[in-house]
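Pasting the structures in now, so scroll down.
Heads up, the next two complexes both have subunit A, just with different partners, subunit B and then subunit C.
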Partner chain A sequence: MAGVTLSRWTMAYFAMALLALLAAEVLMTAGYGYPQVPVGAPATLVLVHLVVLGWLSLLLCGAMFQFVPVLVAKPLYSMWLCLPVLGLLVAGLIMLLSGFLSLGGVIEPVLPFFALASGLLVAGFVLVLWDIGLTLWNARPLALPARFIVIGIASLAATVSFGAIFALLLGGVAGGFTISRLLVYGLPLHVIAGLAGWLTLTAMGVSYRLLAMFMLAPEQERVSSRAAFWLGTAALAVVVFGGSAAIVMNRAPWWMLLVGALLGLAAVALYVHDMMHLYHARKRRKIELNSTMAMVALAFLVAVALLIVVLLGMGQLTHHIAAVVFLGAFGWLSGLGLAMLYKIVPFLTWLECYGPVLGKGVTPRVQDLVEERRARKWFVLYFLGILGALATLLLGASIGFRIAAALMLVATVGIIVQLVRARRLDDVPSSVRFPAGSHRPRLLMALIQPR
Partner chain B sequence: MTTFIDLDVRPILREGGEPFEQIMAAVAALQPNQGLRLFATFKPTPLLNMLGSRGYTHQAREIGDGDWEVLFSPAAADTVRTEVAAAPVAATDTAQWPEPSVTLDNRDLDPPEPMVRILAALESMSTGEVLTALLCREPIFLLPELTKRGHHWCGGFEADGTTYSIMVQVGSRRESTQ
Partner chain C sequence: MNGQLDQSLIEQVKQALRTVVDPELGFNIFDLGLIYEVTADTTGTVHVQMTTTTRGCPATGYLQEGACNAVKQISQVVAVEVDLVYDPPWTPEKMSPAAKLHLGMDEGWGQ
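Our next item is the complex of A and B:
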C-alpha cells in the first residue's frame, strides 16, 4: 500500500529521550561532571553519553522511524523492530553509564558492564541500520535528504564501532597494542563521527525536507545542497578512514582532523546558505514557533563553526574543545531537536486523533493543539541558558555554569509540559476535543488504525 | 477522420504556472472524432499515461528548444476493445471514471490543509464521483486514509517534478463516523 502510517513507538522514543535530557540537566545543575572535573573523567563520560546516546540518538531514532518513510514515500521496512530496538538501546545505555560509574569507583563492577553495553548497543544500532537501511534501499533512487541520512547512519556505524572498541578496552576484554592506541588517538574520531556525522548530517538531511514542508518552501535540489552533501561526506570519510589509517600507521591523526574540519566547515556554510534560501523562498509568510526556533538552532550551528575557526586561529581549540562540543550538542542539536518536537508531537497527535474523522465534521487544526505564546518563553529561556553556559565554559566560571544549567533545566521542563499538553490535547476546547469517531491518543504509543 | 484542437501551454509553464486544469478542460470538451494537439516545454509523461487510460493514443515529438508536440487521438473503438480484452481492468483504471466533478488546487495551502480539504470534499460527493486535486508534494499521510475509507485513487508527480496531481473516485464502502 502506498503512503505512510504513524510509527507506533515514536512517542516512547521521544519520552525516553526527554527523560535522558532532563537527567543530564539535573546532573549539570548539581555540579556533576565537567567543568567541575576533567573532560575525560568518568563523571563527564556519564553526562556526555546521557546526552548523545540517551537524548539525541533516541530522539533521532524515534524521528527516523517516523520520518524516513515520509522522506522516501515508502513504508518502514519493519515497524515491529522499533520496540525491541528501544529496549536494547536503553538497556545498553544503562550498562554503559554503570560501566563509567564503576570506573569512577561509585559502584562496584558487579557485572561486566562494558562488555554488556557493547553487546546491547551494537545489537540495537545494527537493527536501526538494518531497518532504516532496508527502507532506504527499497526506495532507490534516493533524493538528496535521504542521501544525507545514508551518510548519517554510516557515521553511526563508525561511531558505534569505535565506541564498542573503547568499551571492550575499558572493560579489559581487549588490550592489544595497536588497538590500545585507538583509545588514545581515536577519541576525536568517535566524537566527530557521532556529533558531526550521525547527529548533524542526519539532522541536516531531515531539515532539508521538514523545514521546506513546514515553511511551504519549494523543494528543488540545488547545486549548493549537493555540494554540501559531497563536502560533508568527504569530511567524514577523511576523518574516519584517514584518521583510522593514520592511527594504524602509528601516526597521530591531527592532519586528517584539520582537513576534515575545513571540508566540514564548507559543508556547514553551504547548508546554512540553503536554509536561509528556504526561509526567504517560503510561501508561508507568518511562520510558526517551531520554524523560528529551528532558525535559532541554526544560528548556534553557525556559532559552532565560527568558534572552531576562531579557536583554531588562536591555537586554543583543544583547550576549549568542551565548549565547542557543548555548543554543538545543546545549542545546535538539542535546540533543533526541541524545536522539531514542538511541531512533530502536535502533528502526529492531530493525525492520530482526528485522521479518521477529517472532513466528516468540524475538527481542530494542528495549530489548535499548541499555545505558542506560552511555549515561546521557555524556548527563549533555554537558548539564554545555553549562551550563559557557553560564556562560563569559555571564562572558566563553574558556579555560573551550574546556574545556566538550572535555567536550561527549567526551560526544558517548560517545553516538555507543552509537549505533554499537546499530546493530551489539553489546549483544544473540550467541546471539540474528541468528536465522534476520533481516537484518544495515549501518551507513549500511537494507535495504528485498522485497515 | 480526426481533427485536432490546438492547446499551447508553453507560456503557462514558462511563467511557472500549472496547465493541468486547462488540459483537462480541453480534453473534456473534445468531440468523439476530435483529438488534442498539445505544445509543452517538456514531455508530459504522466499526462500521456493518464489520457492513455482514458482511451487516447498519443504521438509525441520534440520540436526543438526542448519543446514537445503531442498529438492525442481518440483510439479507434475496436482498438480499445482489443486492449480491454488483453488487459484485465486494474483497480484504479481511470478510463472507466466519469469526468471530475470537483477540482481543487491545494498547492499554496499549509499542510495538512490540502489533506483536510480533499477529505472534506469527498465526504460531500456521491459514490462514483471523481475529484482531481493539485498538490505541491506527495500526500503520503492522505493515501492510506483514502484506501481506508474505501476510495480509489491514482496520482503521481508531473514531469516538472514539483506538482503532484491526484484523482480520487468516491468508493461505495463508505464508513460511518460512529
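Our next item is the complex of A and C:
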C-alpha cells in the first residue's frame, strides 16, 4: 500500500501524555510545587518533569512516530519499537518522580529511584533517537522541516545526557568536582536544550510542514526559514557546547547563555515571520479551529520572546525565570500541542475507521468527527487561564495562580472530552457513522485492518 | 489499452471518482484536481493517474484504493489500475471552481 501507514500506538502515547498534563494541573490547582515552594524544591521538580517529560515529550514522541514518516515520505524505520519505548519512558518517569518524592521525604527511598530513572529514560530516548534518526537517515537529502527535527533530536540527546548526570548525582551514584559543578551551573543548559532545542525546534519543524498542509499554503523553502534554522542551531550549539566548555574550564556559563538567547530570539523572530507569511499566503480562507489555536500558541511564543527581552532590559530575568518557563511550556508548547491534537486525533481516527471503506459508500469528512463551536470555548478558557497564571506569577500572587490553574484544568478536561468524542465518533451523523465494513475504533490503540 | 477509447465509460469513471471524498479537504478528489488522467477502452479496462495533496500523507493508500473501489462499482469495468504520480505536484490552482468555493478560496486570495 502506498503512503505512510498508521502508527498503532500513537493514541496510547497521547493518552499517557494527557494524563500527565491533567495530573500536573491538578497538582498546581492544589497548591503543590512552585510558587508555593521554591523553584528548586523537590515538589517543583515533580511538577516540571510531569509536564516536560510526561506531557510534552510523550506527546512529541507519539506525534513523531506518526508524522516524521509524513515529513520525509518514508516509512518509520521500526514500528515495533513504539510500544517498548512508551513502556521505558513511562517507567522512567515514574522512577524519576519517585526519586524527587523521596528527596522531599514524601516516600522512603526503597529503590535506587534516580539510578533506575536514569537507565530507563536513557534507554527509552536512545531508542527514540535510533528509530527517528534512521528514518531520517534513510530519507536523505532532507527538506528544511526534517532538518529542524534532526537538531531537535540532537538537543534531546543533550537534554537526556545532562538529566542522566543530574539523576546519578542526586542518587549518589556519581560524583567528582567537575560533575558536581554541572549540577550547579548545568541546570540552565539542561532546561534550554530541552525546552528550546528538543521541544521548540521540533515543534517548529513539524509546524512548517503541517500548518502549510492544513492551510493549503505554499511550501517554499524561504531564505528566512533557512536563517531561522541556522540561527536556532547556532544558539543551541553555543548553549550546549560553549556552556559545557565554560563549566569544565571552571567558569560560569552566563555569557554563553546570553549569546545563545540573542541568537535564539533572532531565530524565533524569523520563524514567527514565516508563520505569518504562511497564514497570509494560505489558499484555504476558512481555516479550522486547530490552525486558529496554533496561531494563538504562536502569539504566546512571541510573548515569551518579548518577556525575555523586557526582563533582560530590567535586569529581572533571573527573578522571573519561572514565569518565562511557564509561558513557554503552557502557552506556546502545550497550546500548540493541544491545538494539533484537536486535528491529529480526528484525522487518525478517520483513517482507521473510514479509510478502508473509502470508495465503497458514503463516508463522513474528518470535520464531521468534531464540533468546533463546542471545543472553541475550552481553548479560549485554557488560554485565558494561561494569561491569568502568568499575571499571578509576575505579581507573586500564589492564590491567584491556583485559581488560574483550576481554569486551565477545567479547560483541559473540556478539550479531552472533545478528543474522546472524536475517537468514539459521537459527533458523526448517525446516517454515515458506520458504513458497511467500518468499525468503532478502540480508544487507545489503532486497529489496522489487514489489506 | 487494447481497444479504442470509450468516452462514455470515461465519463462514468469520472462520475464515480466524484463519490470519493478527500477526508481532510472534505471535497471529492476529482474536483480537487487530484485526478490527472482517466483512460478507458472498449474492453472495460480503466487506467487512472492520480496524486495527493501532500506526498507521504497517511491517507494516500486509502485514497488510491478508494478510487479503485469506486471505479470497480461500474458494471462495464473489467479491470482497473490506479497509479500515483507526483510530477507535476498538486497545487490548489488545480481545483475546480466548486472545490475552490467550498474551501473559501476566492480568486486572487493568497496571491
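What we mean here is this: the second predicted complex is superposed on the first by the 447 of 451 C-alpha atoms of A that agree within 3 Å, B and C clash if a C-alpha of one lies under 4 Å from a C-alpha of the other, contacts with A are read in each partner's own complex, and residues count from 1 in each chain.
The rule is short, and it goes like this: a residue touches a chain if its C-beta (ideal position, glycine included) is under 8 Å from a C-beta of that chain, and two chains touch if they have at least 3 such contacts.
Keep in mind that what you see is a predicted model, and the values were worked out from it rather than measured.
Peer 1: Clash or fit: how do subunit B and subunit C relate after the overlay on subunit A?
Peer 2: clash
Peer 1: Between subunit B (first) and subunit C (second), which does A:Q220 come into contact with in this model arrangement: first, second, both, or neither?
Peer 2: first
Peer 1: Looking at the overlay, does A:T5 come into contact with subunit B only (first), subunit C only (second), both, or neither?
Peer 2: both
Peer 1: So in the superposed three-chain picture, is A:G437 touching just subunit B, just subunit C, both, or none of them (first/second/both/neither)?
Peer 2: first
Peer 1: With the two complexes superposed on chain A, say which partner A:V70 touches: subunit B (first), subunit C (second), both, or neither.
Peer 2: Both subunit B and subunit C are touched by A:V70.
Peer 1: Looking at the overlay, does A:A281 come into contact with subunit B only (first), subunit C only (second), both, or neither?
Peer 2: A:A281 contacts subunit C only, not subunit B.
Peer 1: Would you sort A:L134 into first (subunit B), second (subunit C), both or neither based on which partner it touches?
Peer 2: neither
Peer 1: Once the shared chain is lined up, is A:L395 touching subunit B (first), subunit C (second), both, or neither of them?
Peer 2: Neither: A:L395 stays clear of subunit B and subunit C.
Peer 1: Which subunit A residues are contacted by subunit C in one complex and by subunit B in the other?
Peer 2: 1-5, 69-70, 73, 213-214, 216, 283-284, 347, 350-351, 355-356, 358-360, 363, 366, 451
Peer 1: What does subunit C use to touch subunit A in their complex?
Peer 2: Listed in rising order, the residues of subunit C that touch subunit A are 19-21, 23-24, 26, 52-71, 73, 84, 92, 103-106, 109-110.
Peer 1: Any idea which subunit A residues touch subunit C in the complex?
Peer 2: These residues of subunit A touch subunit C: 1-6, 66, 69-74, 213-214, 216-217, 280-286, 347-348, 350-351, 354-356, 358-360, 362-363, 365-367, 451.
Peer 1: Which of the residues in subunit A end up touching subunit B in this complex?
Peer 2: Within the complex, subunit A contacts subunit B at residues 1-5, 69-70, 73, 213-214, 216, 218-220, 283-284, 347, 350-351, 355-361, 363, 366, 435-437, 449, 451.
Peer 1: Name, in rising order, each residue of subunit B that touches subunit A in their complex.
Peer 2: So the residues of subunit B in touch with subunit A come to 108, 110-112, 115-116, 118-123, 136-145, 147-148, 162, 177-178.
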